[in-house]
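Take a look at these structures.
In what follows, chain A forms one complex with chain B and a second complex with chain C.
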Partner chain A sequence: MRSIFVIARNTVSDALSRIVLQIILVFGIMFLIIGFFFTFMTPGEEDKMLKDLGISAITVFGLLLAIYMGISLIQPEVERRTIYALLAKPVRRLEFMLGKYLGAIAVLALSVAVMGIVLVGALYVKQAVWSPSLLIGLVGIFFALMIMTALVMMLSTFASSLMATFGGFLFWAIGYSQPFIKQLADHAENPVSRGLLLVLHEVLPKFTNLDLRLAVVDGTPIPVQLLAKMAAYGLGYTVVVIAVAGILFNEREM
Partner chain B sequence: MASVVEVEGLTKIYRSFLGGTGVRALNELNLQVEEGETFGLVGPNGSGKTTCLKLLLGLIYPTAGRARLFGRKVGDMRVKQLIGYMPEAPYFYDYLTGEQLLRYFAQFFNLSKAQRKARIEDLLNLVGMWERRHMLLRHYSRGMLQRIGLAQALLNEPQLLILDEPTSGLDPVGAYQIRSLITELQRRGATILLCSHLLNEVEALCDRVGVLYRGNLKACGTLEQLLPPPSEVVILAEGLDAPAVARLEQLGAAALPADGMLRITAPVGKSEQVLAAVHSDGGKLHEVRRPRPTLEDVFMHMIREEAE
Partner chain C sequence: MKAYSHKRARWAIVPALALLGLLFPVSQRIENDPHYPKEYNQFMLGPERGNTLSTIREGGTVAIMAMMGGFRPLVVNLLWLKADENWHSGASGWYKLNPILQTICEMDPHFIDAWSTFGWHLAWNVCADAADQDKPKWIQAGINAYKRGQYFNPDHYDLYKDLAWLYQDKLKDYQAAIPEWQETLKRPDAPIYVRHMLAHAYENTWQVDRAVATWKECLRIDRRDQVARSAVDWWAEQTSDKQKLDAELMRILERENRIRKTRRLPLAEQPFSIK
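And then the complex of A and B:
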């Protein structure tokens, strides 16, 4: 347990010293600030536009951060051989992986929090109405990013960074197209295609379950039960992906 | 008592993703390293040295055979508490300073905060990096990284120290300093498994040596067992004329001019007769020695035999 914490802390220091991560975060914040000055384009609905733009920006820049963090966790350690000296210490492979993942999640939580604070600040300056649903919306984004990071990390236990990045974007696209995939499956005449689409629908993440953008923009109250459901889905899916990643990483030869 | 390192029939075949016969990097390796000894594993690049170390550290898995450290399975956490590993050309987190790196690694061992602090101070002094402890690793030279690499391997006062090419790429001064540190660790009773392709280094440091070539252990033993006794005598002399040289050659010696003198090489069994002949022909002796074959000679002989 102690090893996991030590590795997580080191992962946070490593991530925060990386210029790519800083650039993504700064661009995310800049996008939110620029969006603030363009709300005049939707007179009467400035606050809605600001929320829509803000949630979308946090989602997209969060996705970039999640993919970047996901590919930075394992593969570079193996390629740069920094993992050799570490695994020669009393550290299990699973502890190493969990430590790296938790460190990445801490960085993502921090990033979403920083961008969220900028968004809330912008709404405050605009004297727009904002409700706790915005906070729940941010939590939904965070759960989606948790899943994304776990998926990309799982891919990077056996694939190159490029393949893992590509896979990450693919998972993201499919995860937000799940209703469309279900429709395709329902209308597919070929049983093989139908089966394949249903497997994709059932196995791959359903980020739509965690997407509360419309409710946040409209200011619709979000029931607490939904937050519990989101947490159960996000954490459950993450645990399964981490377990698979752990098995793959344990088998990997360095 | 069990050996510190026990390897039985250890085989590693690297197979590609698509299968195939693969590359046999290590072939049925058997060896033991006993407590307190320094064992050298030598061989050219690609002979299977690093593969052997990776198997012992659990970084890769064997295709066949088994390896045990302190009588336990490789990868056992109790074993990892007892070993120190210095990788070849160490790569570490370059955003940390030397001291931060040691502090990071030290946290994985059962050491109190005070013990960690004291140990890190001792090690930084031991490897001569105390003055540079606040410098980022990305600004370290190769030699400095090797020293920090050795320091991190010693954090837990290991009972078994595994060193992979510890002086590779260092200048003569750096290499000498690392060798001195290894000698100091030997004096303190550490068991050392040293992998190197620098044969003179292995010869100078190791009690026993294993010679790996293309994944096979070609020879294993003490230097006395591996190195044959001197077979010839070398005499440096001057003042010998052509008839005297001819007489030496009749005795089975070979004489060649060298730096204004004659370099006479004779079989050990004929050395006394040759020396007597040099003396009787009025030659002036400068040097007589019986050069022992080096590990390099033995190694090159093995490689040539294998190639033939």
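And then the complex of A and C:
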């Protein structure tokens, strides 16, 4: 347990010192602020556009961060051969991976929180409207990004960084097209294709089930029970992906 | 380093798959939760929802890719900008505006201003520009847009008010306007003038006692409401004398029919069946 904590702490300090991560975060914050100068393009809907643009910016930059963190957890350690020194110590591979993942999630949480606070603060400055409810939408985004980081990390245990990045974007697109896959399955006449589509629908991540952004922007109330179900889905799916990643990492010959 | 594999670790796949199985009912519970904003995440082909095809047509491939990436809010905002651009291009852009507004409404069904603009655009702008035989079709399309918007936003007064105004001002169908004004008043934050409009609708359907009761209700809510005060006083004076009341109702009828003639609407009939 202690080794997991130590690896997580090192991952956090290592990630925070990386220039790429800092650039993504600074760009995210700049985009949030710049968006406030374009509200003249949506007369009468400034408030909605500001919130939509802000939450979408957090999602875009959060996704970039999740993928970047995901690919930089294991593969660079293997390429630089630093992993051998670590695994020579009494640290199991699963502990190494868990520590790395938890460190990445801590950085991701920090980044999303910073961008969220900038958004809420900027909205307050611009519109004199205090909108902390927007942060509820960010909870759903955070769960989706947690799953994404785990998926990219899983891919990076056996594929190159480029393939893992590509696979990550593919998972993201599929995760947001899940209702479409379900509809295709419902309309498929061939039972084999129908079955296959239904399996894909259930096995692949459903990011749409974690998406509350438009509802939050429109001011639709979100009960705690729904948030709890989303948290259960997000955490449960993350555990499954990490378990699969752990098995793949254990199987890898180094 | 020596190559190795932990065979025992492979068995971790069993609890992982069991947990994945447990997630099926969780995800179903999310989708069936009455508070889950299901309509936001619909992205489909076929007759159920036409938004995918219209998004391809209006927003292009980039919009589809953005939607697949979960950036629906951005697509909605970009289409809203496009709608504004088409609006300012004059009547030539009006017909192009219909599918754009429809796409926005389908993609973000709680965007009340979009529904309001869509209904108003169909029933007022496009209708005004259409040939006489096509006018009813566009008015009906506007009514349908308002009603679909009401379906998605039952707790907001705006679209009930808009539909009531369409019935009352454009169609002069006061009887149809009354339930819409009443529905508007049931929703929170409805403006004070809505009750005035309801009273006017009663007056124009010759339901004088209900009109007076509504004006009195306005006064009860706000004693400084000068419009309601003068209406109550005026009706008190008229209703004290049957002959005077009939003459006044006749004057209202004539004024109403003058407006109807200019709008080529069927004339109102002799009412005087005061309820």
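One rule holds in what follows: the second predicted complex is superposed on the first by the 248 of 254 C-alpha atoms of A that agree within 3 Å, B and C clash if a C-alpha of one lies under 4 Å from a C-alpha of the other, contacts with A are read in each partner's own complex, and residues count from 1 in each chain.
By definition in this document, a residue touches a chain if its C-beta (ideal position, glycine included) is under 8 Å from a C-beta of that chain, and two chains touch if they have at least 3 such contacts.
Everything numeric here is computed off the predicted structure, so don't read it as measured data.
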| item | value |
| --- | --- |
| Chain B versus chain C as contact partner of A:F36, first or second or both or neither | neither |
| Touched partner set for A:E253, first chain B, second chain C, both or neither | both |
| First, second, both or neither for A:A215, with chain B first and chain C second | second |
| Superposed model, chain A: greater residue contact from chain B or chain C | C |
| Touching partner for A:F171 - first (chain B), second (chain C), both, neither | neither |
| Touched partner set for A:V91, first chain B, second chain C, both or neither | first |
| Which superposed partner A:H187 touches (first chain B, second chain C, both, neither) | second |
| Touched partner set for A:T82, first chain B, second chain C, both or neither | first |
| Which superposed partner A:F143 touches (first chain B, second chain C, both, neither) | neither |
| Set intersection of chain A contacts, chain C complex versus chain B complex | 84, 87-88, 253-254 |
| Touching residues on chain A, where the partner in the complex is chain C | 41-45, 48-49, 52-53, 55-56, 59-60, 84, 87-88, 93-94, 144, 172-173, 175-177, 179-180, 183, 187, 202-203, 206-209, 211-215, 217-218, 220-223, 225-226, 229-230, 232-233, 236-237, 239-240, 243-244, 246-247, 250-251, 253-254 |
| Of chain C, residues touching chain A in the complex | 1, 3-6, 9-10, 12-13, 15-17, 19-20, 22-24, 26-27, 29-31, 33, 35-37, 40-46, 48, 52, 65, 67-74, 76-77, 80-81, 84, 108, 110-111, 113 |
| Residues of chain A that touch chain B when the two form their complex | 2-3, 6, 10, 13-14, 17, 80-82, 84-92, 253-254 |
| Chain A-facing residues of chain B, complex | 54, 57-61, 77, 80-81, 83-87, 90-93, 95-96, 104-105, 107-109, 149, 152-153, 162 |
